[in-house]
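After this come two complexes, each holding chain A, first together with chain B and then together with chain C.
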Partner chain A sequence: MDRRAFLQGAVALGLLGPAGARAGRSRGSGPGGLSVEALPELAGDLTVYLGRGEGGLYQDVMEAIRKRSPKLDLQVRRGPSTSLANTIVAEARAGVRRADLFWSIDSSSIGLVAERGLTRAMPAGISSQLKSEFRYQDWAPISGRVRTVAYNPERVREGELPDDIMAFADSDFAIGWAPAYGAFQSFVTAMRLLEGKQRTRDWLRGVKARATSYAGELGVVMAAARGEVDLGFANHYYTLRLKQGMPDASVAIAFTSNDAGSLVNASGAALLSPGETPADFVRYLLSREVQGYLAREAFEIPLVPGVAMPEGLPPLDEIDPPDLDLTRLAEIRPTLELMRDTGVL
Partner chain B sequence: MRRWPVSYLLGGLVAAAALVPVGVLAYLGLGAELELGGRTGEILLNTVLLTVLTVVASVLLGVPLAFATAYSEIPFRRFWVAALSAPLAIPSYIGAFAFFAAFGRGGELQGLTGIPTPSVHGLAGATLVMTLYTFPFVLLTTRASLRSLDAHVVEAARTLGLSLHAALLRVVLPRARNGIAAGALLVALYTLSDFGTPAIMRLDTFTRIIYVEYNAFGLDRAALLSLELLVLVGVVLFLESRVGAERERPGRHLWLTLGRGQKAAFLAVALAILTAAILLPIGIFTLWLVREGAAGFDPVYVLNSAYPSLLAAAGAVLCALPVAYAATTGRLGRILERATYVGFGIPGIVLGTALVYVGLQLQFLYQTLALLVLAYVLRFLPLAVGSVRSTIERMEGHMAGAARSLGASPFEAFWRVTLPLSLPGIVAGAALVFLEAMRELPATLLLRPTGFETLATYLWRVYEAGYFGRGAAPGLLLVLVSGVAVVVMLAGEDRRSGGPPT
Partner chain C sequence: MLERATRLIISLLFAAALAIGPVQAHAHGEAGEHVKRFEEHIGDYEQDVDHLISQLGAIVKGYAPGQDVSEEVKALLHEWEEVRYHAAVETVATPLYAPIWQAISGFKDAVREGAPEPTVRRRQQALEAALWQGLGALKLAASQRAAGGERQGKQPAAGQAEAETGPEATLEAIIDDLDRAVAAYQDGNLEKARTLISETYLHRFEGLEGRLIEKDPELVVGLEEAFNARLPQLMEQGAPVAEVREQVAAMQSELEEAESLLLETQGDKGQVF
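Our next item is the complex of A and B:
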């Protein structure tokens, strides 16, 4: 085990323990969110469907919660968000409910489950802990990710990059993108909602002329770092995670201003069964300790006011994301039609 | 009235069970509307080209290697069979991503050596990667076929004046064509249904449309498209069924001695495959592992991968026996056998979801290990059926008939004559199912008991999040466990048919 892994393990064990709580400055709801010390003890059975891959950090959070809550029997099932959403729907059709909580990588999978009336209202006391633009009735955003332009500083200077996402269609950059990737499709959905169909169609056509497609956004970021393309469109954390492993990698991130190019999307949790435990579990995820840990170690954007941003990202108020109801990103079908029309998909 | 043979009844049951997930897809896809863009023709062409090229390349690679490992004394022969089968245990998307990361401008190989390498992508790249991770299908089925041939026929051909090469080419090869076709069929179905490799190699194939629909919450459309993909599957199944072979008596095992040059050629090819298919991805993982560090890997995942896969291998072979047997006794049996192949041509994520619906009808089994094993058996049954059938097929009915006339009951004739003679096929089939179950992902993610983590699910978890380096340990262990299991299975095979003459 290398040193970093050891430290990470140690951090995890102390994450919610007395030491972790001491690190928090105040009890209660001061800046930086609630401390776990102020939260009720978790008890009973709880099954979480966790719709995302991860490098062990969520495992650390789960272990820390288990360790802190001896009366809790916590079961976690991992899988792609869409598959788990389909599973929850299939279970409901058969009159079965196995999951108490659905923690999804994106809001649109939650949208599918909510549409079938399978979610329960999020208690107001939970939503009010979140930054005001992230309060929803059916679900609670847990952590954010921002759309970025991942560029190769050896090929492009930051000053040359437009701060308007629409301008990339008329540029002569070599661009990487991942049209089959869910996060990219959400971004195009946001563009369609903000700019309208026609402008989005033109943008897709314009970029397509100079774009290389990759399977996923990690691939896009790697291609930018290798200089296969000048820049690519990707969620922020792929760049930060790549740089964590290879600090010398030739890739940096830039933001556009107040358009789909700087959309802040969120992972989120929805309650599927009644009772206090699932809701309390969400409170733990929004605690100062967990939010801080996810920001530090997984480079996720904390959504509770006062928790520091991950290293390598400017504060959220310096990023200028568009104002958009995230649940509308579930309207993906017209987006796919646009992408097919233009030959992008 | 004619009595139905027992194999028809059992085979019919198994085939019906194998078709259940397809029925679920029909139910899910019913009434879905499809709007496909104008690129359907191009995508269809890509799909067909990739499948044809991969099949051809797999046969060119798999058949000579099968000859060498079946008939000649190569140093560490068993190791080589295991090593050459091990690519079947590596999920092909992992291999594809390793190639993507290693080659091309600024790739890891250039970083290490300073020498620029061409990037691996498109149709050529996808064919290369797909071949590396599927040719063992051909290797194992062909090898099983070759091992159950009678050496006397070759000797007869030699006596009549054919050179050894000509005898192998004109006498042995045609008699192994069932095994070759069985392997080629599996390669074709795997290629048709795989999503990851063409996606990473930036080749648009039919599975990508399915995947996009699935992720856009169009389960109904994804199901319908998967059923349409079955048209291609049907064509492949039909083509393979045109390949026939004569039945013949089993007999003495053939042994050949390779010349120095031939041995060297074998070792060179085998080493090249090992390097490209296994060492390259593991090497790339390890590089990233050193850079990033590992955390959260639990050795129990090895066990969690191995024993459901072993159970599935045993289960699939048991279910395959009546189906394969029925396939050799008549037309209806052939149809039953074909039916079991259908599920293998459906993209895993769609089939996994269909199996959730099946599992929910058996609620006492839902999210238990038993259901996971059952799903593996249903999904990988054709791997076992193909291998078993191609060895039974060339076995003459007279052997069992002789046993019967000597007073054996049908069961005894099967147990003491047919079964031992088809053992090479059974072992090869079990090995295929085991390897494939080890790397299976979508159904495992959806059907495993909650909290049950295997090597493949752990690989998915870290890969999906971009923590590529953490795939090194599980990737290496997948190869190791698979290799050991194949060696053990081959040991059983050798005991039965005798080693090389001493």
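Our next item is the complex of A and C:
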């Protein structure tokens, strides 16, 4: 994507103002995707392992589906996605299957389950609802989040920002990052897979020399807004949230091009048992109502064509993410070793 | 020595349980009332473990390589799924739950493959150890809850059974975690205190802050700084407990303010359908 064009677009879209953001909320329920009205009624028993996160909004979706489906006996087990993935694997090893569906907040946890052959093929009719770059055989991405560079425009001129993530290691910017944060580790994993171990090691060392660590990525974005750092690496929604509450906050977002810095990661659902109900449940998650709700309330990127993006983001096809199988982000161990070797963790 | 090592393992795994946080409902249905007040049911869980170990012992006693004990193993598996101890470990000591399944799987594989008796006995011991570790974690959690004072009586600690169904419950849990971090610091366990602060931020506060920052970003900015810098730094510098407690009290006051704000936003949330 042309980053500078995006920056102009972001301003036009209301990233800098609450009125625009509010208008965006009504735009979220666009005409894309299938309506739940067109979907079969859910019935029978269904056990979902649900990754925690997103301030309980996924749980709200579950409750709404439960309320809408009186014939469905829905059991939900919540926990951190990685912990649930490990439990699914352990249960399977013992010859037990308790979950029919796994809705994880990150694709790497889905990968942990899929690489052990525990997922069932996603029906083509479901995958085909997704944008073409998000079609997988073993799982269905539900909603996305994109990596961004959150920068302080009072400290950094727009034109100074490289659109190559690797170039930040050789820059003089004061950088904020959150190495202990899962999304950051997925980003480094993507870099390792795309650029190789040595280049990633060099990048970590280079950035570490001028980096300040924060416990979470909202902290990174806030640090950029306060001017503690020039810029930071964070998922997109932190900046959008901050601008929603503090329209004058001095922070904007930029994207790199076709590298880990613009990775689009996704929450996702995997089918663990056969039958129509689990598959139909995924259809509900991909309905325009649920996709629109996650875009409006959680600022997540809808992955079904035609559903409006969260206010402040350009259309997904204007972002230039790298071509990467998201389930490979489960290969976290070598990443952690690399981060420890370089003293980042 | 072995006992000390086992206790250490239990402590480490339980620390991980505290870090990971609770689950709320169960694949096999809602956890029973006993899980909500698990500290009053330790004796029941102990009986369950004794029963499972006795059942396991009976299988091993009658085992000879090549003998089909699949029905007995199936019965053991069924028993494990049904006992109250299962739901308690699954909910209160989550990281110890998967290792029990793994140990069951190891034992099951050994007898199915007709492994020699010493191998089967080793797998038996591994499963027994996993079951005892789960019980140890439950006991530790129960003692922590009992020692936790008034606030902990009101709200179970992270990793323990709780009905964390809304922002107010999550904020109460964060407030509770901070109390426990101070207690750990007072006991000289800096690492545990830091872990509690970091994990409650990442796994609990982080899930709430999005909506909160829209309501009062300055409040979130202050809390972020407190979680990420002020409180851990005070601890790392070896500040007096009273000073640490004062910092935590300030954070808890802000969290209570956050609770009020989040309750106000409940009505702002859109409908899914």
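In the analysis below, the second predicted complex is superposed on the first by the 307 of 345 C-alpha atoms of A that agree within 3 Å, B and C clash if a C-alpha of one lies under 4 Å from a C-alpha of the other, contacts with A are read in each partner's own complex, and residues count from 1 in each chain.
The rule we apply is simple: contacts are C-beta pairs under 8 Å (C-beta built on N, C-alpha and C of every residue); 3 or more make two chains touch, one makes a residue touch a chain.
Everything numeric in this text was worked out from a predicted model, so none of it was measured.
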Three-chain arrangement built on chain A, chain B and chain C clash or fit: clash
Touching partner for A:Arg98 - first (chain B), second (chain C), both, neither: both
Which of chain B and chain C A:Arg68 touches, first, second, both or neither: second
Touched partner set for A:Ala167, first chain B, second chain C, both or neither: neither
Which of chain B and chain C A:Ala90 touches, first, second, both or neither: both
Chain B versus chain C as contact partner of A:Leu345, first or second or both or neither: first
Partner chain(s) touched by A:Glu228 [first = chain B, second = chain C, both, neither]: first
Partner chain(s) touched by A:Gly56 [first = chain B, second = chain C, both, neither]: both
Touched partner set for A:Ser108, first chain B, second chain C, both or neither: first
Chain B versus chain C as contact partner of A:Phe299, first or second or both or neither: second
Candidates 60-68, 114-122 or 150-158 of chain C: the single one with C-alpha clashes against chain B: 150-158
Chain B and chain C contact sites that coincide on chain A, given as residue numbers: 47, 52-56, 60, 75-80, 83, 86-87, 90-91, 93-94, 96, 98, 180, 214-215, 218-219, 222, 226, 237, 241-242, 244-246
Residues of chain A that touch chain C when the two form their complex: 25, 36, 47, 49, 52-56, 60-61, 64-65, 68, 75-80, 83, 86-87, 89-91, 93-96, 98-99, 180-181, 214-216, 218-219, 222, 226, 237, 241-242, 244-246, 249, 289-290, 293, 296-299
Residues of chain B touching chain A in the complex: 35-39, 97, 100-101, 104-107, 119, 196, 199-200, 202, 208, 211-212, 214-219, 288, 291-297, 349, 352-353, 356-357, 360-361, 363, 366-367, 442, 445-446, 448, 450-451, 457, 460-470
Partner chain B, residues of chain A touching it in the complex: 1-5, 8-9, 47, 52-56, 59-60, 75-80, 82-83, 85-87, 90-91, 93-94, 96, 98, 108-109, 112, 180, 182, 185, 212-215, 218-219, 222, 225-228, 237-238, 241-242, 244-246, 330, 332-333, 336-337, 340-341, 343, 345
Complex contact set, residues of chain C against chain A: 20-30, 77, 81, 94-95, 97-99, 101-102, 104-105, 108, 166-167, 170, 198, 201-203, 206-211, 213-217, 220-221, 224, 227-228, 269-273
